[in-house]
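Below, subunit A partners subunit B and then partners subunit C, in two separate complexes.
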Partner chain A sequence: MSPDESAALSFSDGTDLSSSDNSAFTIALIGNPNCGKTSLFNQLTGARQRTGNMAGVTVTSREGNCEWRGVEFHFIDLPGVYSLSNSRVEEKVARDYLIDSPPDLILNVLDASNLARNLALTTQLMEQGLPVVLALNMLDELEKQGHSVALGSLSESLGLPVLASDGRSKKYLPELLEQLLVVCRTEQCAEQGLHIEYEPHLEQAISELEALGIVRWMAVRWLESSGENDFNFDANQLSAAQSALALLGSRHDEDPAEMVAQGRYGYIHGLLHKSSSEHRDQSSADHWLDSIALNRWLGIPVFLGLLWLMFEATFTLGGYPADWIDTSVSWVGEQVASLMPESLLKSLLVDGLIAGVGGVLVFLPNVVLLFLFIALLEQSGYMARAAFLTDNLMSKVGLHGKAFVPLVMGFGCNVPAIMSARTIEEPRARLITILINPFMSCSARLPVYVLLAGIFFAEQAGTVLFALYMLGILVAFGVAAVLARTIPEQHDETFIMELPPWRMPSIRSLLLHVWDKAGDFLRKIGGVILVGSVLIWLLQSFPQNGTPWLEQLGHFVAPLFAPMGFGWQETVALLSGFIAKEVIAASLVVVYQTGMSDMAGLQAAMGESLAPASGLALMVFTLLYMPCLATIATIQRETGSWRWVGVSILMGLVLAWIGAWIVFNLASIWI
Partner chain B sequence: MIFGDHMTLAQLNSRQTARIISITGPVALRQRLVALGVLKGHTISVAATSLFGSPRTYSVGKQQVCLRSKEAGYIHVELQA
Partner chain C sequence: MTTFDLTVLLLILASLGWWLWRYIARTFSAKCPGSGCHSCNGCSKGGRPD
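The block that comes next holds the complex of A and B.
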């Protein structure tokens, strides 16, 4: 706010109540990646969202509301950034937001266990003269390290309110909200931007620019970004800035960014000397878990072992609740069957709806467990370590260490996974990451595997699951290697990543996450899977005298799948699966309906008609063949071209057919 | 800036500790390192090495940063006792 405007405001209102007639305030959350910002955002808004443990999972900002004592707070969760001056996507999003639509207040979230670096961003906000309140997260971790921060003294030195916060519990929340309210009402924030004294040559450059009417913080930001941060300077200002930058370059080996950072860290160390109990930056980053997880020889075996354990547990642990659901579903089916007279409606209900929907509902526990394990990997900080372990392999196929997160997210659902590839800036690496994502077996395919593995490989089901996911990864890497050699590279992207500290995942946010995913799955069952089941039932039941349409269709296409030993039932199920992969399981249940509405009946029927080798081939086909409708739409949106959608579909179908054929023939020899 | 015991971070052995004396390389890389708090004068040591030797993670201050050997080669260090 310029001095003129603020004068006008206080004049028209007469008092300092200039903003208290407002009962709504916009507050933006900003902070370093992994500082616990999104957890705090969830606490504040009650939104059910995920905290990514890697930089840039939040590319677009999220919003949510919270009411506190009659005042409406509108929170905006900006992407995690280390700075505001780099040319990275997430920094640009945050930077533009703060300039174009400044919020009433900024809640700067800091990781107290790495305060110095977190405060570097704070100094940028303060230089810009923005109204800031600091929330210190992870104070407990700091105490575990045997340190402490005097919040009061830090607040005094900075001239800003400094509060404790915790993304894992609500204990600090009332105090935080109360303080936000006070600050919003009174605007008791520093009006003047922070003034850090930089190195003399840099100061000289800054004052030259200030003389031309450029605000100090803009001059600093322009120089530290080497002109990347464009503030619409006029021609005169721009040429002065460029010659100042050139002069600096001739006088110093260091980049202006380094010189500015030296100034910032000098200021920060002065602050911390007064208010923090630590005097040396001890390498508290070392953790006994890293001596295993990052061990040169153990790292990758441990990673693979964890993945295997995850799929084994998904299958076995999920089996118990799945049995309960199965029992309940068949009980409902029997009740309906015994209460209703023989009719088409009864058939629709029992053989269509209850069988199809129930057939997928059974897999809810497996899907929920898988999401739980992925969230655990993410929140604990292991995901970034796995990215480190696999970076070398990834770089060999034209991928980037950053592609790891979209790929693992693909185990959950390919749609958000493909969207999260936005964090990859190099266009080729991003395109490859998008195109190979459908090979990462999403949770929708899990019901099909669990069903088939349970029938044909009940003893080694977990291992079969693990092998399928591994096959998906191998195919993805193979395809990436081919794409990397056909698509030209645009520019090199460096791999610099911070390893977040190990963190105990918060039970609350894990449960919220799982609850959320279970809700998604149930909504999908109530929507597309319900419709799919009814559709399959219709095609299966009509015409009533003669071969049903579904069977006719199945027989028509079946020759294509005959080399893998699939019957018309499997053919039909695969055709229906392009709507959503869970529909494959629903279709199998409906077409194989044997009068028995429980899983055991279906398993017996399928086991009789399908050879184990065909069962395995069916799983492989399901794994590799075309993306589902939602994924196709996402690929189109993210690549902006139908051509890549075509490539993706064709590639999937061809690879699925070849893969299933190979697996069928190999398995026929061994099994 | 060439010193007698001049070496790059990529050449640092896993048991050695060094001090950063200068950072070269593309501007985007230098800005990124600065943003992560990897600055001249800081003490740095190898924390972990991946199977093929690159990338490695380094302890700088209170954090661990992963770098491929290509990027580590832009960071010039001097050994510390």
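The block that comes next holds the complex of A and C.
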């Protein structure tokens, strides 16, 4: 920065800042991960920086210098943190640094496009009474979202200097450095000591600790961390703090961290209501929707009810277009059969390609409808509320809050879902999310369920689909709980969930999403399903004299599945599902073809050959057994280990066999 | 089995073998996610046909 740039600047309070002196100030940069803090640090210090470890730990910090108008600024880039009260090593490092060697000033860098979440850390700094200047990065991102924030109003409400900044350019740098100089020299914002009014029982606990000589921010932080933050309390203070914490626990279901977060976000919401265009009061309709969707007693039943409705509609509404496709496929099959002379090619086209591919194509409407409903739940903002509802249960079984998105994605396809688990940094939580994902019933299994539920449980097909998806979730959670107790955790990882506002889904966006998914399904039909159908047809057609190879293979493996009442046809269909789960439906169509011209014929043939209890067991086996080839490859790539692939395959096969056997025996009693 | 049937059979076997080899190679290739790109949103190539 050239001295000429600063020469023209003057200050209304008459402070003479143009004179050079030898003073130096230490300024710590702090902010949430990915808020642009390090980019700003690079802009401030240029090449004058060095990398080192924070005292006693391996967390890296960078330090650098910058001279501005004869004053030396020593900047320290603290690790990115969401809070100062959790047990994550980066948060402990930042917390200890601010307590043990407080800098002259803290430059709190915020992502303006996620202001509420970023301000939660600011309130902790302010509660501690530290001198803070706020630098708002990514204001252009906020503008792109169609929102704005009034810096003057925010500064006035907080009682702190609030400035614009940009980690990608030096645009706001002179202004920022001048402000830092002013604050360092005049100590404008020292000892702020923000006082947020918390919930009455929490306030009572804080007051009890204050009466014993514990400063307010320490009392809040200790309670918020449920006693994990160590502030060297004496025995008397510690005993009183533990009693206060126990009393709080007996009075409230939510833990103190949630109660403190409610207080902080209440304060932040009031703050932003005045200064941010994004944060307006909830409408009464939104408030009412939240009161239902997030209600402690109603939330889960409403969630389950919506899922049931989704599967019922997927089956019932999808049935009409499925019939039209079925009629068309049958017509094409008949025309081809009548036009061609008897030959192997005719058999391939009619009995292999048209029967197999057509047998899966008829389920396109069901798949499309399922994706449409999932997109509706996501775009309306309901899915985030469902994540909030299930977060408590997920944490109890050892799943990280971030696992919700990969698990929901698993309803579509396990491959991208497993890849999306990369967002989970903690290795154990990521591994568990990957290993349980195949139990989330992907859309490839839907054609098998719709086919079998339509044959054996036509009147309750929606309920059967719902029960299968629920069973998949239950098994996934059970396996997660077991894995969480056998694999050691490496470190804690913070998860902050932000509830988006309720939105009316855009028709265009919904249609584009559905179009995209329908395209995926059709491409898969033209690829792996077509090849699977031809393979099954080939094994079914040869040798031309004698028992077909497919039947021989089926009879060889069938004893394994005999306890569930599966015949050789179901056995070979399950074997073919290893390539892709839709191929199970295609295989059943090919192996059961008995001169029928449409799905009704298949339904009749299967209905005669298989008992309803076996049909139900077949659906359960399809739900739980080993992942498809593409998922196996993805698990290997993401875990970097064939051992975990083996665990996933073995676990799936064993659970599927046991699950199907139990369901078959129970269903045999009741059905 | 006629000559035509035999030709069809050989073509089917060759096509199946070639397709399955290519599918498995792609599926387990470090460059390509899962079954290629058709069902994957994991990277910027998502949506590109196989």
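Convention: the second predicted complex is superposed on the first by the 384 of 671 C-alpha atoms of A that agree within 3 Å, B and C clash if a C-alpha of one lies under 4 Å from a C-alpha of the other, contacts with A are read in each partner's own complex, and residues count from 1 in each chain.
Note that in this section contacts are C-beta pairs under 8 Å (C-beta built on N, C-alpha and C of every residue); 3 or more make two chains touch, one makes a residue touch a chain.
As the structure is a prediction and not an experimental result, all values here were calculated from the model.
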Looking at the overlay, does A:Glu498 come into contact with subunit B only (first), subunit C only (second), both, or neither?
first
Could you look at A:Val182 and tell me whether it touches subunit B, subunit C, both or neither (first, second, both, neither)?
neither
Which superposed partner A:Ile292 touches (first subunit B, second subunit C, both, neither):
neither
After the superposition on A, what does A:Ala633 contact: first (subunit B), second (subunit C), both or neither?
second
Output check: A:Ser395 vs subunit B and subunit C. Expected answer is one of first, second, both, neither. What do you get?
first
By residue count, is subunit A touched more by subunit B or by subunit C?
B
Which partner chains sit in contact with A:Lys524 here, subunit B, subunit C, both or neither? Use first/second/both/neither.
second
Looking at the overlay, what does A:Asp255 touch: subunit B (first), subunit C (second), both, or neither?
first
Which parts of subunit A are in contact with subunit B and also with subunit C?
none
Mind listing the subunit A positions that touch subunit C in their complex?
343-345, 348, 413, 415-416, 419-420, 516, 520, 523-524, 527-528, 531, 534-535, 538, 544, 580, 629-631, 633-634, 636-637
Taking the touch rule as given, give the residues of subunit A at its contact with subunit B in the complex, in rising order.
82-83, 85-88, 113-114, 116-117, 120, 224-226, 253-255, 257-258, 261-262, 265, 281-286, 290, 294-297, 299-300, 387-389, 391-392, 395, 401, 494-499
Give every residue of subunit C touching subunit A within the complex, in rising order.
1-2, 4-5, 8-9, 12-13, 16, 19-20, 23-24, 27-28, 30, 33-35, 38-42, 46-47, 49-50
Subunit A contact footprint on subunit B (complex, rising order):
1, 22-23, 26-37, 39-40, 42-43, 45, 47-52, 54-55, 57, 59, 61-68, 71
